[in-house]
Each structure stands twice: as structure tokens, then as C-alpha cells.
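Both of the next two complexes hold chain A, though its partner changes from chain B to chain C.
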Partner chain A sequence: MGCGVTKSNQFNKHSRKAIRAAVLIQRWYRQYVARTEMRRRYTWHIFQSIEYSGEQAQIKLYNFLGYLMDNFTPSSNERNLISHIFRENEVCQDAEWERYFCYKNIEVPEIYSGPHLTFPLTVEQAVGLVEAFRNKKQLHSRYVLQLLLETWRQLRMLPNISRISTCQSKEITICGDLHGQLEDLLLIFYKNGMPSLEKPYVFNGDFVDRGKDSIEILIILFSFLLVYPSEVHLNRGNHEDHIVNLRYGFTKEVLTKYKMHGKRILKLLQKIFSWLPLATVIDQKVLVLHGGISDITDLSILARLDRHNYVSALRPPKKRHQSSAGASIDSDFDEDVLSTNKLLQRRISLTYPKPLGTRESFQNRSLQDFSNRIKGKAVDEIEIHKRKLAILNMGTNSSEGMTQSVSSESINSDNAKDEWKQILDLLWSDPMIQDGCTPNEVRGGGCYWGPDVTEDFLNRHNLQLIIRSHECKQDGYEFCHNRKVLTLFSASNYYDVGSNRGAYVKLGPDLVPYLVQYQASSMTRELTVKQSVGRTERSALKVLREQLFAHKSDLICAFKKFDSENTGLVSLNNWASAVESVMYLGVPWRMLRGQLVTSKSTDGMIDYLEWFNELAIKGPNTDHIDQSLLETLYRHRSTVETIFRIVDTDNSGFITIEDFRQTWKLLSVYLKMEITDEAISDLAVTIDSNQDGSIDIDEFMEAFRLTDKKSRLERGRSMFMGTVNDLTKLEGDPNI
Partner chain B sequence: MIDEPLFCLSEATGSDVHKKIRAAFEVFDYESNNTVDAREIGTIIYSLGCFPTQADLHDFTAEVEEGHTGYIHLDKFLPVMTKVLLENNMKAITLCFQVLDKEKKGYLEPEDLTKYMTQEGDVFTQEEMDEMLTALVDHEKNLIYYKDLINLLTIDPDM
Partner chain C sequence: MAPKKKEEPKPAAAPPKPPEPERPKTPEFDPTTITLEFTPEQIEDFKDAFQLFDRTPANEMKITYAQCGDLIRALGQNPTQAEIMHVLGKPKAEDMQTKMLDFDQFLPIHQHICKAKDCGTFEDFVEGLRVFDKEGNGTVMGAELRHVLATLGEKLREDEVEQLMQNQEDANGCINYEAFVKHIMAS
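Then we have the complex of A and B:
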């Protein structure tokens, strides 16, 4: 008879305990994973919402400027300010352009230590350029212009749709958005090899903007294009567009790196962008294009149109003798888009979007009516009534929109509008989960298209797969529509270090996509999942706080609705509802409260006025500036900067006081701000600190804390970039 | 020891924890003004599933009491108690690991943990297992030092 516990009893007891321990560990771990994933998702959502609303804002701005252009009488000062950005379709002989872009009298000084190019370009030189950029060198403007001219000549020979094949078991490599992130391109070349006769590449647009090395990426891609014209293929992206570049950094980058010749370089690039092919078809089965398709996309129309007429996809082509009231305003855009500053709900491809009207109802809406925004005191000499009538008539008959112009061109005008829409859809659309096709009001251009549209399109054109880019994906790629659409994104760490991987795809004769993922920067490998999520989250929260501050007045109104007794307090639930009703970001506010509201809450109530003091953005000179002005400026800072850069016609970074005043008038109309002339003068005097009659744009933006110095452009050190002893960057070289 | 903080684990979300604490607090909030008598705090804490020693209790009370009024306000109690509960979570997890660490070496081999996770209870898929190992295993020594996990993987109270 045994007394006490036998060995096997002990063992059993332990087993039971162990099993329970295991269960608890499992449960705890799964909760942890779920929570981390949730944080990652909403962080992503924050960045993406803000990114797309920026694109939308750009389009709105452009439309507004276009409207002003078409409605000012020629002598108006304001019109002159902005007219030059619409001069894209100036008709000049090619010979005149060749003279303008002539590089021959640009001298390369002896101290220049960057690469020298001779034409025709050889592969050694192309590889040499890659090396030089890896070592942070800058190509001299003479060679840049020369390279661009050759590229322009080459591109003009290409068809709208490149047709290539994987004959003889060649694998084609396809890359998505690069957005000026040179590290990623270098990483791709490192992993996959550079373009060659055996290694064809397709680059699917959005080479520029946001990242800091856009021009270097272009130079590399164009060089390889010249060396291997049959093996390297470039598709145009929505950022290969000078209007978009004004806002998203490429224009600024070029003007900064090439102070003397930047303007010419940008002008030449405008032409080059318009000559970039629109799509690539592989083995007649796989279509590669930047944005996507819509229910009216027709490859035969796309193949035969004159793509270079569409210098910016945001503006339909202007015909030579048209009356200015015609054809420049798109009736398809949502008419309500300008009148509020709502951030529209982002229709992410994995969530359920709000239901919208059918496509037809959008087309028939009348035009954005800007006339009520232009007050007599702000803008003189506008014959609004006359024009308004003409425009409203146009709006209700969208297909006849162009017929106000000379009748002999009316047929062409109809086609032009259709063609333009084809291009817009191609460059700006996004896939969605539901069937159908609706306008992409979040971005402001193109459509959302559903799986039925994909199916129909593929059948009609006898294709089997669409490869597109345009949207950032956490893993660098994502399939949708029953694996018939592949989204490919090649800019890793796009939102912040650790936010996402990049990917490229290889396609062999079997046309089965083989995906390769990567992430630039050795720093990200060392971060644990939690740290990397945490970092990105902190950035997102910072951005979110700024957005909240920028909407202070609206938020206070919303809070007051819940606080009828004016106690200055609202409950957590009401706080969350109020915030969402103003911001429209669909973010889990309750969850984020702890990180957004750091002041202590009494009884679970939040002191909202105290909260705004926390968030307040203070600059050195801003104390005497009206707070609501500051708030409006801050909310629209990207637009403010864009307008300044437009006004800065010689791209010097300075504008005159007079231009500054004119700009403010424009802004006050666009942003619906009430600004007296006196206030503007005060502002001007404050900013022109050295009283020389001109204003430094960057200083202005900084003074109002309107730029974020610690931008997303700072990345971790790439794993194989040059050493710290590299001192060869030609920053500040006046000869460049 | 393992049984005590069991139900602390079952609802580890920040807001749930807050709800529980409030609920327990309210029982003793006779004047509905979010204060309780300091002498009742022990009962409240026990009811939340924690079993501090008398010394711990004494220290805790000193930390949250309103001066020398003999009262404790919810405002102070809530954050401190939340932290305690969540720390208990982590302590409980560490205990669980300890149970699995039969020889009390202070670490677990990945193979051992894998065996438990993929064969017992609510089994992990291979993918989950791989992910967990990536997160928990010390890459140099290829071992799981579970005591360090408290710092690595605590659940945020505000979530």
C-alpha cells in the first residue's frame, strides 16, 4: 500500500499543470499578435488616408487654378502668376526646343568629380552611373540635358503600348513604384542583376516624387533604356506629371540639385514624361500598367492616341483655337469636392466602401461651380455671369463639352475627351472588392474597378493577368480579383522605416509570377516586430496630431455640440464621435485616446480646450498671427507651398512682396479665408525679415512650422551604401 | 501559484481591465463620488484576483491614498491597479513558462516549447509556431529566456 504521492502521480500532476500552462501561453500569445496586427493596420490606414487626401487636394487645386485661368481676362495680374504652368502645350517647332535645351555651351568645370558621359552611351557608362550614385555623386547638368535629349528622341519612336515576349526562356523582371528611393533600386539590381540582353526589365511608373533621389533614378533608368532599347521598358505613372511633381517634391529636388539649369531640365522632363509609353503587354497575355483599368478601358484606343498631347493627365488636351471657356474643366469630377475639406473615406481594397451612385449619375453632374467662391474684392475683372452660363450649359451635356470651340474641331474634341479619360483611368485607378466601376473620389482621378470589370476586360482583350502598381502594400505585393490582378510596389519603408517591404516580380515563358521581396536598410532587420510597429505608429500618431490641430475650430464646434452646459468637458465616447465626425479618417479614436490626449481626465471626461493647448503648434514668430489663420495655413500647408512654387516663376526660391500679396488673394479665395489687405501686408512685413522686398519661400514655411523638418525622407543606412568617408557630394556647387 | 491570476489573463484588453476595476470599485463607492475608504482597498484588490502580501498592500495603499484623508479616489486607483493587473498577466505567463521548464534552468529550448504549443491545448499551426519562435527566441543562443519576456512583450494598458 502506498502512502503519499507516487512518482507517476507526481508526473501526472505535472502534466496537467503543463497543459494548462501551455493553454495560457497560447492564449496570451495570440492576443498579443492580434493586438500588434491591429495597431499596424490602423497606423497604415492613417498614413494612407493622409497620402490619398494629399493627392485629392492637388487635383482640386489644379482644377481651381484651371478655372481661374479660363475666367480671368488676359490683363489680370493673377492670371499671369499662374499662367505659365498651363503653358505646357505651347506649340513650338522642334528646332526651337532643341535650341532651348541645348547643352553644348554648358561647361563642365575641372573640379567636377562626377561621371562624364559620351554618346552613344555604352553599358559601362550606365553601370558607372549606378556606381557613382551609390557613392553619392551628382551628374553634371550638361550631361543630364544631353542624356534627356537622347532619351526624348528614343521615346518618340516607341509605341503607346510596348509588346514584348519571353522568347527563348528569358525571364522578364517587373518593378513597381520606386518614388525616388534609390536604395531600393540599388537593392533590386544587387539581388537581381542589372538590365542586360539576357535580363529584360519593365519599370511600371512612379519613379519620382517623395523620395530624395528621383532624378538619379530617372538617369539610371534612361541610361539603361538607351543602352538596351529592346530590353528596358518604362511605363508612365501618375507621378510622371509636372503638376503632381509641384506638390510631391520632384520639382523641388531638381531645382535644389540643379540651381542653374533645373528649370530647363524640368521642362525637358515634362516632354519626356508625356512621351513615356502607357503600358506593356507580355506574350500577348499579361498587361502591365501603372494604375489600372475602368469599364471603358480599350487597348485599341490607347494604342492609337497621341500620347504626347497629354502632358499632364490632370488636364485634358487644349486645342489650338479653342475659346478659353471650353474643354478645360472636367465634368466628371465630383462637384462637391472643393466646398468642404472633408477627407473622404478611403476605399481600401480590403474593406467595405460606402455605396456611391452609378457612373452615369456622376457624369451628368454639373461642373464645379467656382464662381461663388470668387468675391469681388479678392479678384477683379471677372466676367462671371457670362462664363457661368456657358460652363453650366457645358456641364449638363458632358459629351458635347468641347463643342463650344470651333466646330471643325468638334469631332476631334469628343475623341480627345474620351482618350483623355482612357489615360486618366489607366494612371489613377485602384481595384476594389465589389463589382462595378465608380469614380475614385478619394484620389480625385480615375476609378475604382471591381472583379467583374477585370473579368470582362481580360476576356475582351484575350489576356490573363493585369500587373499594376500605384498602391503601397505591406508585403510589397498583393493579389486580388481572383489572382487576376497583381499589385506590385517596389518602394520599401515607404511610410516610415519598417512600414512595408518592396517587391519585384519575375515572369518566365510559363507566365507564372515569381515574387521577390526585400526591405532596404539594415536597421529594419534589427528591429523586432513590436519596435518596428511602434516606430511607425509613433510617426503616424505625430501626423495625426498635426491633422487634429489643423482642424481645431471644426473640432471645437463638434465638441460644443456634446457640451451644452459649456463645462469644457466631454465624455470619451462623445470625444471619439466628435473627432470622427470632423476628421472622417475611420481610425479607432477610442483606442488611440491614450496616445492622443495626454492630459489627465477627470471621471473619464476629457477637457477639450486643454487638449488643444497640448497639441498647439507654436512657431517663433507666430504669436501675433491670428490663430485661425495659422490653423488654416497649417492644414493646407502643402497647397500653400505648391502655390508659392507656381508663383516663383524663375524658380529662385524667392518671390517678390507684390507677388506674395497676389498669392494671398488667390489663397484666400481658394481656402475661403477672410484676409484683409492689411493682414496680408503685416504678414509680408513679418516674413521679409531683411526688408529687401522678397520672401524666401522655405523660410516662410519654416516660420510657420509648416514644414516637418524630420521628414520621411530620412532612412536608415542602406546595407551597402558608401562609407562615412565619402565626401564627394557636390552640394552647393554653383556650376551644377 | 499558477491558479491565482488565471482570470486576469482571460480578458487582458485595456478597456476590459478598466471596466473590471471600476466595477469592483463601485461596489464600495457608497457616496457615488468615485472614492472608497482606504481600508476597503484590500477587499477590492482581492476581488480582482490579486493576492498581495500585507506589506504589498500597505505600500500600494500609501501610493494611491489621498494624502492622509483615509480615502482613495478612482483617478489614482485606476492606473495603478491596471498596471498591477497587467503585470500580473506577465508574471503569470512567466510562471507558465516556468512550469514547462521542468529543470528550472531559466530558459526553454525551442523544441520543447514547440512540442507543447503544437501538441497540447489549442494547438498552434506551423506558421504561428514559426512566428512565435522568431519573436521569443534569443537568436544568438537559440534559447527562450522567458524571464526577459516581461520587458519585450507587455500588453499596453491603454489599448
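Then we have the complex of A and C:
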């Protein structure tokens, strides 16, 4: 002990004081740590709830579009708007594709200062690319296409499941989600070295979306794949999917960086994504895949299916039997919309299973609800179309509509469904703590699987460890299921600066995982813990405030239920219940109340109308636009943007006024809101200021403050702001 | 002299601490003797926080003993480690991660801590730190403070001290302690 060195009473009194002081400081410090931890936890909770909710919303949107596809006649406008995204497995020769993707005519101008590539690629060129991107150069589209073509050729030779070995003393490095964050990849290469004959790598999916350098990451990974085909292994992630990319930023990134050839690049990437291997097995003992497993996961099925048929995991390959589809419509000819549900359930139930009530914080709607939603005029339209379709189908081999993706192979439809589920589970599942296997309703696809399922799976396949990614973890990694499952996440600062570390794992012949953590961004190193928690917390709260504002009408309704005398005040308790009943985020509202409601109120009551004034997001001059329409727009901005991008078939960033109108008709059905033609014209006029008959999508989104350029969070991540609840709450009873 | 030297520091180091006026020398903490005086609103607040710390698979509304102290602090109280151990019934080290507490068991514990008189005013702090102010100029040596925090009282770990003192020292390694106390108390 430091005290008691001298012999004076005076000092002893001092030392007692010193100890007292020390204890005081220590207890205050411990309190500060506890409170910081608390803030960190709910901040995380907020981000994760909103993120997963956004993913669920995405899947619902896609299911809805699929539903429309199935129920509108081929010639309908709505269908034409969106049919091309479902035009997947076009029967087309590879030679034709090679011509389409031909890069030879693309000239590289003299002033181009980026890297020039020659093929076959050398390691110097691959390293050169890393350097170039570090220096913020962009690779010319000619070389991009050339590189992608080579990659496509290479990937087609690979099996679904790569089998590799640590042989002798090689250590294999495995990386998780990168999500377009180039800084993290550069940091990994800096700490661990670039891929080489002595340094094999496995990259476990989700290379793109959300971050701003997705295409650069792909270019680097593909280059090393070409240079070291036996040492570099890529697994597909759920974001290697063109439908998901529409919403989460990759499509936009490519079109922005490659204005002339972006569309072709995206098309080629669609193919490449479908050809990415599904999993990697190391030393026959360690399985590496992106999402996870379910109770029916079978590696032998996964090994032998045709993975390239699954261009998007969200939709099965179109191998429907015309007769069965026709027959069911026939037989249900006189019944109401419920019949369609049976048909849909058979085909689409895998992406949107029935609610089992595992997580109460997320209310679930099955696809059936869409038909209920489309009441009124739209339903009649559908009925009419359905009957027309049924008549068309009766006895005839209707080639319209069902066409584009009918494969010439005759595959048993049940088999296809099994395979599809295998892939969906592999890409979308998450582990849970309880035993069992339940549908992953939070994400909308895949399962939650328990430790018993892991145990059984490992035994059946004679494996000892599963390494997966898909979920952000604060320390960059996390073990679960008795250390038999390792989650690995390599995108640091994912939610915001300072939110989490990234990690990669090294496996030697002993197969004992050795983890390395890191955190990119020089900013974080200088921030104290308190400051970085504070920053992330402020971001989360900002996001939350926006969400609350976007639900203003519903919230006011909910508050009024507690305020029968119309005083404009509600108690804190009621405030919290009302907010949760509208938002469904499972966030601790009471704890956050102090930060969300800043106006003081008397004796614990909250003035809710005043509160909305606080939250109000000021926009540009939009007074001529109907307020509730604006609010709806704001709330569903991710969906709005996604649909615009789908409608923009040539990926030009512009859509015609006519398509703009049609899109709003589509949205009005989906969002169950009335939009008059007049209102649509008002919207169009605000944007199409040069009256040339086309709308710039980005301008539209910005004009209505649907994107906020200032926040870092939004810049890369604007896409995950829309929540599923915005879409599902349009019904009444959740328990259908 | 020598015996005196040994006696003085000892009482401060042993579990019920004499500096704390409210600390009776009762051997056991009996939750049944506590009457809850929280309002229903407060209890709802506590529930929210409790749930945030609940890591059980099925959301059973239970936390470990080890989390109890953190939760109480997160709710704004300021107990010493000793006080926490006392209300938990002086559990063994290995029990801290395994024994669980449900919400009803938590409430009397929290009530007891809330009732303890808070002896940590700004002035107390500053006065305590003044002990280390050799030159009487309002600053203490960062190094000395670190040493004290890591070796006296309810010792902090090296990394905890580091985190607390991050960015507090000036170029000469000195800390203006009034500012320091304001910093700690303003979390």
C-alpha cells in the first residue's frame, strides 16, 4: 500500500482522506462505466432493430411485386413496369452474352490516370489495383468488364462447395462481411498480408451494399481470385443479389461511378453473383458459409444443385407447371381472393412463413395480407384479371407472361423448392440460444437455429465448427452454441464511427481459431470511449427521431386513444405504450424519453403535439403538396426509391412521367393510400422543372428530403431506414 | 507508532467502511425488511432498464449477480463495490456469473441502495483530490492519481484507470482536478 510510509499522524489523517477520495472517484467511475454500457446497449438495439426491420421490408416488397406479377395480365401497365426484374433465367446462349458484355469497343482515353490491365492478370497488377484504390482511383469500365468476364469464366468452373486444406503449415485467413468498406479490407491486408500462395483467404460473402466502395472491393477480390485461383475462395452472401442491391446501395453506386456502362456491369455481376460458390469446407472439418444452417440443411443437396439458377435468393427459379397453376386458379374460380393465397403460399411461403410468435416485438404478416389490403377498386381489377388469366390458361399453353423464365429443363417443382430452401437458409439464417429451428421472421428469410441443430448437423456431416457471418458483432466476432459456431464480421464502425470492431480469423492445421480484431478510421483512435459512444448514440437517436416523425399520424391516433378528453397530454406510461404500439421496434422508450422528448411538461405529462413540433423535419418548399402524402413518402422512402429503380429499366437514373404515374398507382395499392392524379402531377411538377417529360430519381429523393446528405449514417446507409412496420401496419388484425 | 501505522489504514480497507455514515455493522442483508417506496412510474423505468440487461434466452427477466451493480449504477445510484456485495449477501466470486436475480428480488436491493445517503458531492471530491495537490495550485500529478486509483480503496484495473484518465492530463502530466471532477460527474 502506498500509504503509511511516514510516521506522522498528520499524514495518516491525510491517507484516510486519500483513501476516501479514491473510493469516491472509483465509485463514480464505476457508475459512469455502467451508464455508458447501458447507452451502448440501447444504441446497438436501435440500430439493429431498424436494420433488420428494413431487411424484412425489402423481402415483403419483393414478395408483393411477385404477387402482382402472378396476378396481373401480361399486358397490364403495372406488370410491365416491374416484370424485367423477374426476367431471370433467360434462355440464351453464352456466346450471346459474351457479345453483349464485350468490352473491346470501349476506348480508354489518354487522360485516364487509373490502372491499365492486361490479361492474364499478374499479381503485380492485382497489388497495383489495391494501391490505386487506396489512392482513390477508379478502374475504367473497359477493364472492369474484362475483369468481370474473366471472373465469370473462372467461377463457372468451381463447385458449389469449395474444399480446401491447411496442408502442412499453411494458415487460412477467413474474413466476414465487408459491405463496401474498403478501408477495412485495406487494413486487413496491411495487418495480415495480401493473398498469395502462402497466404490463402476465404471471403465469406456480403462484399457489397451499404458502404461506398463495393465495386472496388469486388474488383480486388476478383483480381486475386484470378491470380491465385487455388488460394482465394469466395462464398456468396445474401447481399450478392441484384434485388437486394436495388435497395441497399450497390446498384446506385455502380450507376453513379459508371454512367455509361453501369447497366452492363450490373447485368454481368448478376450472373457472377449467381455463380459464386455457396460454401467452403476446410480440412473436411470446418464449414464456412455466410448465413447459417437449418434443421434440414444437407451439404449433399447443396453440392449437387445448379447454383446459377438462383440469381436472386428471394425468388425461386421459375419452373412452374402451367397446368397446376392453371388448375388451381380454375378450381378456385368462384372463390374470393383467399384462393390465391393458397397458390402463393405453396410457392412463396419460404420467404415469408406463417408467424409463430417467437419474437413479439415484430408483428408478422403473411403474404395473404396483401390480398386483403388490395380491397376496393384494385381487388376487382385483380379478380377480373385472374379470371381472364384462368380462361387463357385453360387448355392452352400460355406462353405470355409466364414465359420469360420458363426453363426448358423439366425439374420436379418440389425438388426445386427444397433446393431453394437450402440456399435461402444458407444465406439468411441466424443462430439463436434456444434449441430448435424456427423461421427467421425478423429478416424475413431463412431460420433461427439452435444449439441442438448445430450438434446434429456437425455430427451428421462429421464436422467440428461452423464459421459464418451475416450479423454485426460489437467485438467483430462472437462464439455461440458451445463454441461450435463462430460469427465473424469484418466491417468495423458498421453502424457509425466507433460502433464496433471488425475481425478476421486464422486457421492453421490444428484448426484452432485465432482471432484478430481491428477498427478502421483514424478518428476512432482519438475519440475517448465516452465520445464514441456519444457519437453513435446521437446517430441512433437521430435515426429514431426521424422514424418517429415519419409515423406522426399514427402516433397521434395512438395518443388520442389515451387522451379521451383531448387535453393534448398523455402520461409517460401511456406515451411509451403508444409509441411502441405504433413503432414495433422493441426499443426501451422510457429510458430514451429524456433524449427524445426535450420539452418540459408539468407533473410527468407529455404534450404530444408540441413534441411533434420538436421533431419536425424541415423540408424545402413543399407547401403545395398534401401533408399526409409527404409523410407517407417520407416514411416509405426506401421502398419508393427501390421501386423507382426497378421501374428505371435501363438504369439511367431517369424515368418518364408516364412511368412515374404508373409507379404511384402501384405504390398506392401497396401502401394502401389514395393518391389522386392531381397529387401526382403536383409531385412531378416539383421535380421536372425543365418539363422535358422525365424525372431524375435522385433529385426526386433529395427534393423531398428523403435523403439527407449530411449524416454519414445516411450517406452510405440511407437504404435501411424504411421499416417493415410501415407496410404491415396498414392492416387491422395481425393474427390472420 | 508501528501498531498505529497498521491500524489506521485497515478499517478503511475492510468491507463495511467507516467513512460511510449509513453503514451499520449488520452482518446480513435481509430483503424482507425493506419497504418499497418507489412509484409505479419508477418501477416501469426500472423494468425497461432491467430488460436491457437481461440476457437470458427466453427473456425471463433475470440478470446475473455480476450485472446487479452495473444496473443499479446505470439507474443513477452510486454504491461502492462493498455495498453491492453486502446487498447481494456477500456472494462468492464464482457465484457472480452464475447466480441470477429476478426483478422482484432486485427491487428491495435497489431500494436499499437508493436510501443510502449519497456522500459524493462535488466539494467532497475536490477536497479529496486536494490531498494530492502538493503545490496547492489546483492540479495533481496524473501519475500519482493513477497510482492512487489503482492501489487504494476499491482498486480500479489498469485499463479502467486508463479509460478514466484518457485525455485529462496536460502536457506536463498535470490534471486540474476541479475540471476532472466535473468531467466524471457529468456522464
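Just so it is clear, the second predicted complex is superposed on the first by the 593 of 736 C-alpha atoms of A that agree within 3 Å, B and C clash if a C-alpha of one lies under 4 Å from a C-alpha of the other, contacts with A are read in each partner's own complex, and residues count from 1 in each chain.
Simple rule for what comes next: a residue touches a chain if its C-beta (ideal position, glycine included) is under 8 Å from a C-beta of that chain, and two chains touch if they have at least 3 such contacts.
Because the structure is predicted, anything quoted here is derived from the model rather than measured.
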Message = Quick check on the superposed pair: does A:D603 touch chain B, chain C, both, or neither? Answer first, second, both or neither.
response = first
Query = Taking the superposition as given, does A:I433 touch the first partner, chain B, the second, chain C, both, or neither?
reply = second
Inquiry  = Which partner chains sit in contact with A:Y42 here, chain B, chain C, both or neither? Use first/second/both/neither.
reply    = second
Ask   = Can A:R16 be said to touch chain B (first), chain C (second), both, or neither?
value = second
Message = I'd like to know which partner A:Y32 touches here: chain B for first, chain C for second, both or neither.
response = both
Query = Looking at the overlay, what does A:P120 touch: chain B (first), chain C (second), both, or neither?
reply = neither
Remark   = Between chain B and chain C, more residues of chain A are touched by C
Ask   = Does chain B (first) or chain C (second) touch A:G594, or do both, or does neither?
value = first
Common interface positions of chain A, toward chain B and toward chain C = 14, 17-33, 35, 528-530, 590-591
Request  = Going by the contact rule at the top, pick out the chain C residues touching chain A in the complex.
outcome  = 1, 4-6, 8-9, 12-13, 17, 19, 40-41, 44-45, 48-49, 51-53, 57-58, 69-74, 76-81, 119-120, 124-125, 127-129, 131-132, 147-149, 151-156, 160, 163-164, 166-167, 184-185, 187
Note = As the complex stands, chain A meets chain C at residues 1-4, 7, 12, 14-38, 41-42, 45, 432-434, 528-530, 572-573, 576, 588-591, 604
Ask   = Where on chain B does chain A make contact in their complex?
value = 2, 6, 9-10, 12-15, 34, 74-75, 89, 92-93, 95-97, 99-100, 102, 116-117, 120-124, 128, 131-132, 135, 152-153, 155-159
Ask   = How about chain A: which of its residues touch chain B in the complex?
value = 14, 17-33, 35, 39, 528-530, 590-591, 593-595, 600, 602-603
